[in-house]
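Labels A, B and C are assigned to the chains in the order they are written; within every chain, residues are numbered from 1.
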């Protein structure tokens, strides 16, 4: 064998073959190894304290106008639930949410930070788009050739357009901010090795929750060294080494996009639908509006949020999504009533049959104990 | 020599049959849609890309046809053409006379490869052009709606259709390179074509296996579907550029290997 | 025809081709003089075709040097072959093309290199870029069937077409590997006449065959190859000269005559079954023998001096007949 190989290399063919062979190695190298080396390579950054980096993350010096957000999820949802979800959904926003929950979504976005937001989720055969401008939101689904006009509930319009235009779901900074809000007492912050995220050199903060009962083992937050923008968040469950959930940019741009990317007029031949967001809840809240309450049990990374007084329809299994979710959970009785409890690798959710909802990054036992007190 | 080879390939019966087959795809799709009508109701979003738009706008027949043909038919026809380049001459001892005519091996290989690349491009464009013509004849035409829901002019739409066709052609350049290399290894056209087409099929199957996701970007089929990004607003170029780099990489490696092989091979046939 | 004067249009030294441990061609040193008709003789499988393929740059030698028309092969194969016409081991034709179309295709293929060599002034002839295909077809006797598809041709016709390809352009050298394969006797005669005509016009011809009788009357030079080794190379007469001429003597008293020739000239007469005496010439002239026999009073009715045949020389060299036919 080695004789045959050495013969090959001594032959004219072998010598000439060296040319494409070198190119092949080079091509594989550049296509394959080089990006890994770059992403694995450690940028050299000015030394700062963790609180300095947290400070810059809370007040970025430049705005991200467009880019690509990658969300991955390995939450460990009950498999019966996942199967039902992926089997029952058709397309559009609900399908995207299912995809985001079960595997992951990659989306491009553009914003002018004033009144416009565009989110584009491309697929190999089509795309799903969200065009939001002040007062009008359009959902576009190329697979069904359907444009859906989304009407926001009165009064919430300005507030909604603010949130949609200033952030974009799912944004690394929104998640990072909620994590950083639990500091300084909730977790120990250290530096992990700096990394390149979306081509930007970034500090990586590592948050280790102090509370041993939290399902979150650690959270990594990448902060752009030059602008302070949060470029990525990785959440690793207790006892695991790989993240169960992550949101990060794979590309960012700090220059304002052309206004044409926000333009949307319903194309001829498309099906037009209308949808009112929160329409059902607004009618039911009118009867029960004063009874919605919100409280937090515990603090830091083991806090459990409890919402009571929600319309029963929203927590009972009337929608396909909700009923399949509920059927995959465990029936329990707690101090705030009976319901279904569902546990994933980083969160536990309790859905009460009387319109109660509780969630937190704690195991089922802690959740039960907390609710028992309520 | 170039014109001689071009004329020779164009006049071959195999070329005629291949292009008739390619033209049959849009004709068949168009006629079926014209008779049966667009898939309605639950059929929405089913079938090849843009399939349900064709009856509203004939321009989309070109897209549907080329995106359909790109998966099997075009690679098959390109594999046969590329596998024939050298092996086809080697059968019946024609190759030794061509070389003794005389022509240098490098020059002969370059000529045959160039013609095969042109053939591949022509195959993709034939599907697009026949699709466009059949679409215009059978269905109404008008401004084109992109995947993002934006409306672009008919001219812009036809321009993008041609670009999709060109990209479909370029996407098969890697197949030509593999086929020409295979063709230098054997005297059997069928053998070289089968190995080439088999490579394409195996790679496209492996491309779908999640466990191989790490090496999948190296597969020549991996970025084929990115040509659809031309139909987004704005056009997303990153995947298309990756495809071009991918094709160029395969071409350099396999044309290089073909050159190494052919210029050092004993011609025994 | 232009081009520098060369003593030898083909010259090789130590030319060797091995496949694994087997030597197909073993240190062959060919020397084909300009203006010669060189017969390359050897039994089937002796290495003739391998050698010819190496001359044409189709096979790469394991060792040794080749020069064709002064150009090293395979380094400058295309340059070397511009003025070479070749028929290699049977025809290689496109069955769907007509003879005319085939020659057109081949001429266009060779034209590029031909044009380059004319521009560089080394070889070739500007007037010959567009060959007269009709004339070439007539030359090989295919004038009437030139528009027919090659598919319908007999093997002999295909062989003629292959020769026509070799003759497309005026050539300094023709390399013909078994050109008469598959031809009928009439075709073989025509082929022979054609080669003689071309040779008379100054074309050097290198022709291989395993049938000695076919090229015996053609060749001025000959090389004999067996088991990959060149056993003999030189002028045709020299090959015959390898064997001595012989006398055949018929007398009224063979015993006495035999004794006389042995004692007088030191010859070694041998009594054949026919009753005639034969002996090697051994420097004795035929007149001396006649005078001696007649002078001794023996009746002489037959006296001949025979030159050995090429076949005899070939058998003497190789130990086997050139061909069973």
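By our rule, contacts are C-beta pairs under 8 Å (C-beta built on N, C-alpha and C of every residue); 3 or more make two chains touch, one makes a residue touch a chain.
Predicted model, so just to flag it, every value in this text is computed and none were measured.
*Asks:* Which chains end up together, and which apart, when chain C is taken out?
*Replies:* Groups after removing chain C from the contact graph: one piece.
*Asks:* Specify the chain most distant from chain A by Cα centroid.
*Replies:* C
*Asks:* Comparing chain centres built from Cα atoms against the global Cα centre, which chain wins on proximity?
*Replies:* Of all chains shown, the one whose C-alpha centroid lies nearest the global centroid is B.
*Asks:* Taking each chain's centre as the mean of its CA atoms, how far is chain A from chain B in angstrom?
*Replies:* About 38 Å separates the centre of chain A from that of chain B.
*Asks:* Taking the mean of the CA coordinates per chain, how far is chain B from chain C in Å?
*Replies:* 52
*Asks:* Please report how many Å separate the Cα centroid of chain A from that of chain C, as a whole number.
*Replies:* 85
*Asks:* At least two partner chains per residue is the criterion; list those residues in chain C.
*Replies:* Chain C, residues with two or more chain partners: 60.
*Asks:* Among the residues of chain A, which ones contact at least 2 other chains?
*Replies:* Where chain A meets two or more other chains at a single residue, that happens at 12.
*Asks:* Where in chain B do residues touch two or more of the other chains?
*Replies:* Within chain B, residues 264 contact more than one other chain.
*Asks:* List the residues on chain B that touch chain C in their complex, please.
*Replies:* Residue list for chain B touching chain C: 1, 3-4, 8, 12-13, 92-104, 107, 264, 266-268.
*Asks:* Could you please specify the touching residues of chain C with respect to chain B in the complex?
*Replies:* Contact set of chain C toward chain B: 53, 56-60, 77-78, 80-82, 84, 86, 88-96, 104-106, 108-113, 162, 165.
*Asks:* Can you check the complex and tell me which residues of chain B touch chain A?
*Replies:* Touching chain A from chain B are residues 44-45, 49, 52-53, 56-57, 142-143, 145, 147-151, 215, 217-218, 225, 228-229, 232-234, 236, 238, 245-246, 249, 252-257, 259-261, 263-265.
*Asks:* Enumerate the contact residues on chain A facing chain B in the complex.
*Replies:* Against chain B, chain A makes touches at 11-13, 16-21, 23-24, 27-28, 31-32, 91, 108, 120, 122, 124-127, 129, 131, 138, 140, 142-145, 147, 251, 258, 260-261, 263-270.
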